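Here come two complexes built around chain A, the first alongside chain B, the second alongside chain C.
== the complex of A and B ==
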């Protein structure tokens, strides 16, 4: 080798990874498309580098290329230098597959986003862990097993020995992500790449995993590259931050500067778009976010005026409630005996009651399995439910099917997944017109006019009515779903995680749209979400659910400024705050969210709600809620 | 898992019941008077009446059904109208040749089909993929009778390696007909395995395995292959029914002394007791094979095993 090549491969002493001017292209129908443009970054020993960006920004592609995990992608230019454990510098771009596999899992490891699919369902946890150990270490089976148990202990999995013989489907998402982490650590890599490892987890479980990664990093003096779209997670974890947008690095700085003095318009827009917990403190009503769509935001000049925050003061508590729900109970059969008798029930919703007033947004918040979505479905009898649901004085639970059909005009749904909730074989115009046809409203001409008007209102050109869903982005599809929900002029909209699948900047504009529509049309929302910050932004009143029951309900200020129930406080403290100067001290407990499945004939104890101040109700107990959620 | 097996076992009882009703009703559903049809058009009224009494057809239908079920349970499937011999004996004479044919055909087509499909997935987009799928399309498109005749022409007549037709119990006689019978199934299995395999390769746990540093060979054959097999196993059960049906053509081409040909002959002369018995036999086989498939499915899928 001549000297010029050697100087090319030089790295600073404290660097582990150095990506230099990397450009990547994906093959498509019209040749190659460039997806990553001249990306450069370095990772130093023992530090955490966060890569932030929205979907399609190239952050995952870049790091998968670093791991040598992409077979179809073409590397157009650049180098990926990794300092191996024996101090030899290796350019990953020149490696063959068989050479790369010696580095993968040994010098660097990766954790993926979806804990539900990232472990092989056919092999036991022990088998998969020991496989990882055996690949890079020539040790006996017994030693490998001992090491596997040690690893599970390191990631704080209780009862590690027994867990080895379990299959992935027997574990919760949080536990699986711990197993993934254990596997990634099996050969003590110097570099851990974590690709959105907590995005699919509940906030309290996310807090546990973040705490785990933070402490392991110290313990093993590992470098971590953390890919995320969540500015809160960045603030909690990162030393330095890289912001990516459309395949390019647009900003690169230490974490303090990124938050206090963002340099690039995109970073500034991103920070503005994130609903920050506590930003509504002291304000009575929800308000829109002062942000434009990303393209407009990026072309906006410094001198241009910002859109003002609009206060949503539509809630009318003087009027009779639109919706009055009491003793709502939904139970599903979870297990049956041999003869088909139910032995276990899922107590999805247990004796829930609430009111929804005209023009009001009621935020319903809780973690997975708390029954918040089922509560929404139960109201329209989309699942078998008991109790009383009065809509404008009429009991939905008792009315005939034809009457129920007409009630459904007035109460509409928006679902989480904009990719699944629109029929891919139907034009969006037909999708929006469908509720009008079902309820026999208007003729063909008037329906077409209505569709055009609705599309314009949600910010999509009316001429696009003849297009199909795949031609739209996720945010646009959610706008179309909103237009469809509005078609029958409903009074109530149940929005079930309606913005959870969207990128933050798009989430912000969809939230703004929903709030503006509320003001225009005097809509009432049941806004179901796991995201406390979004709930704080949009709600007039909030209801916190836990294991099918309401643990606390009150005005937004009651819940966020004066939380009464320990579970509410835990939820609030588990949320990563997008401010690096206020890092939370997550503790290392391993509690799981308890299951709502109970043996037949053994319903949970009913929580009694006590009114602490006017309109603010807090449940007495459950006493164990402190013990089983791992945040102190 | 035992609970799962018992559940599956019990769940086939209603299916078998419906099948037995259909087989029983078969004779009654045909247009005209069954006794008249069995006696023949030129029989006089007295003969028909006698036959009706003899077969118990003057009694109410539920009684007839119970008698029919009782006879069936004791192996009495009635007598062939053509040969006057017990149907049970007639079928048993031809049962094993057909089963050998079906089982051999199934075995090789599953092995070859799954291997071709897996190879096409592993070498996706390369010549191995195109070759395997070209063969697969050919296998699906070529009619069995023609493939059988071509095979006889080449391997039996031209090369003289294998016997032309017939079955006397030698394995060499089994090769050409089972190959012909399995060709379509092999092709279907190959395509199905390919799509199942490709789907699995997109799963995150494949990335996990690669990220651990697992060698590519093991990623494919340990992590991907077993997962891809799960839907394929279900397919095997469905294809078995196709094989039984296919044996009618293949047995005719190869002069195979099996049930398929026997059935064609029985249809030709409207030998109702025989057809009734064959209807039962085919359905029972199909049901039991699918039960077996469900059990294999549970064995390879821990999510069901630990239910």
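== the complex of A and C ==
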């Protein structure tokens, strides 16, 4: 290496990674498209750098290029300098695949978003961990096994020795993410790249993983690059923040300044779009979010007013309830004996009861497997269910099939996944007209007019009715799904995680749209979500579910300002707060989410709800023992 | 910024398919050949240089010449003309038999997958029984019962295409039945009929079209085999399999009599398979 190259590859002493003016292009139908434009960033020793941005902003692509994991992407310009363990500075853009292999996993490693798919289902945890160890270290099998156990201990997996012989499917999502982390740590890299490692996890499990990464970083004085779209996670974890937008770095600052004094309009818009837990404290009714639009923000003067929040005061508790559910129970057969008799049941929904009033939003919150989605499906008999569901005095569970079809006009669904809930082979116009055709409303001309009106209402030009779903983004598709749900003028809309799959800025606009529609059309929502902050924003009343049962229900203020049940308190404490000066200590959170599968003929103990104040019901004692909920 | 929708040109599922299909050169060539073949079959009287039935004992078993590019057969008939007329029969038999088989198979498959239970068991076990017979044996058995002739060949071939279609469609139906958009349609109040034929059926069609194309090749071979065995087209009908059977005894003396009909069968089946392969690449969501 001659001296001129050496000066070119110089890095500051405390830097581990330095990306300089990196531009990347993807191959497409019409040649290459530039997706990353002149991105520069540095990571210092022992710090956490958060990269924030919405999907498609180039954050993951950039870091995958750093890991040398992309084969079809063209590097147009720039350098990626990594200081290896032996202090030699290496430009990753000049490496071949086989040279990169030696660096990957040794000097830097990565954990991915999907713990469910990033482990090989055919090998045991131990096998995979030991393989990761053997790639970079020539040690004996026995030593590698010992090391694997150590690694599992490091990532706080209890009973590590026994776990080595387990397969990925025997572990929960949180456990698998720990195993992935253990593999990434197997040769003590100086740099750990975490690509949305907690996005697919439940909030209490996310808190555990965040606490783990935080403590590991201290223990090994590792540098961490944390890719996320969640401003709460950023506030909890990061030292410095890079905000990316459309393939460019738009802001780069330390975490305090990003939150207290965001410089770029996009950062300001992003921060405004996040529903913040506690922001509704003391207010009776839900309200829309004051979203900043980037274009307006760019030209906004100091004196201009910020967009105002609109209060949604539509709930009418004087009227008789629209929907009255009691003893709703849904059980699925989980295992059968050889002769076909059920031996294990999934108790998805156990004896759930609630009322929904006109114009009201009932938030249903809980973690995965708590039965909140199944409860929604059960109301429309989309899954076999027992109990009583009175809709305007008529029992949905007992009516004939044809009557049920017509009842489905008045109760509509919005599903979580806007990519899957629209028929990919129908134009969006046809999809929106579908309920009108099914219920024989209007003729062809009037349907077309209605579709156009609905599309305009949800913010999509009516001219796009003849396009197919794949031509729209996630947020637009969810708007289309909302338009479809509105087509028959329903009274109740069941929104099942309707905004969970969307980017925060899109999520905010969709939430606002839903709330505005509620005000306009006096809709009632059953809003099912795992996100406490979103629930707080939109709900008049809230119901907390745990293992198929209701543990607490009351007005939004009851639940969020005076939570009565330990599980509600646990959920609230697990949420990352989008304020770097108030970092939470997640260490109190342990435990897994228990399974609702139980042997046949052994139903769970019924919880008795006690009224603590008017309208605020709390289950008597936790659903299971204290230890299971993870307190203590 | 989200209000703006950047759609430059309309992308229908068909235009995407066309784009992907155009990238497969072999499939494009196969497609052009098939189109040509269909045109030749349709305009056979215009294309054929001679009357395929005109017997001329004076020029029996003549090797290829300028007058007869593929030579003549035992009775002095022009082989090229007979192959051209034969393409009518092969294509018609191949297409109709697969079409009938597909129509029945798709209907049974969607019923089987959608309703499940007893109906599913009945349809699938019957298919299993049909699968257990070697295809050609089953066809021979059917033709033996119904008597020889082209119509009965169509019946036989379609009967043994049916179970595969039923199975393919049942599989896709089972998957689509659980898909979110079908559940969404259910929640909108769609009837079972509407779910089956408006929402599920179009989703299964891509695999049906792929298999349909490939199956035409197989059916042409089966039909030719039956004619070769004397169970299909009866002389003097110009049919490729029957032509092979007639010239089999003279393979040592006049090899052109077997080579040209054989090549016609071979190329037709090959191009149908290549075409089907290209369709699979363009239609199958599992391949990129």
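Everything below uses one rule, namely that the second predicted complex is superposed on the first by the 606 of 632 C-alpha atoms of A that agree within 3 Å, B and C clash if a C-alpha of one lies under 4 Å from a C-alpha of the other, contacts with A are read in each partner's own complex, and residues count from 1 in each chain.
Here is the rule we use: contacts are C-beta pairs under 8 Å (C-beta built on N, C-alpha and C of every residue); 3 or more make two chains touch, one makes a residue touch a chain.
All of these numbers come straight from a predicted model, not from anything done at the bench.
Of the two partner chains placed by the overlay, only chain C lies in contact with A:476; chain B stays clear of it. Legend: residue contacts after superposition of the two complexes on their common chain; A:415 is shown touching chain C, with no touch to chain B.
Judged by the touch definition given at the top, the superposed model places A:177 against neither chain B nor chain C.
By the document's definition of touching, of the two partners only chain C reaches A:467; chain B does not. Residue contacts after overlaying the shared chain place A:439 against chain C, while chain B stays out of touching range. With both structures placed on the common chain, the touch criterion links A:228 to neither chain B nor chain C. Once the two complexes are laid over each other on the shared chain, residue contacts for A:459 go to chain C alone; chain B is not touched. Between chain B and chain C, the partner in contact with more residues of chain A is C.
When the shared chain is aligned, chain B comes close enough to touch A:110, but chain C does not. Across the two superposed structures, the residue set of chain A contacted by chain B and also by chain C is empty. Within the complex formed with chain B, the residues of chain A that make contact are 64, 67, 69, 97-98, 101-106, 109-110, 112-114, 117-122, 131-132, 135-136, 167, 169-170, 180, 183-184, 186, 338. Chain C meets chain A in the complex at residues 1-3, 5, 7, 10-13, 19, 179-181, 183-191, 194, 199, 202-203.
Taken in their complex, chain B has these residues touching chain A: 3, 6-7, 203-205, 207-216, 223, 226-227, 300-303, 306.
By the touch criterion stated above, chain A contacts chain C in their complex at residues 29, 293-295, 380, 382, 404-409, 412-413, 415, 417, 420-425, 434-435, 438-439, 459-461, 464, 466-468, 470-473, 475-476, 481, 484, 488, 505-506, 509.
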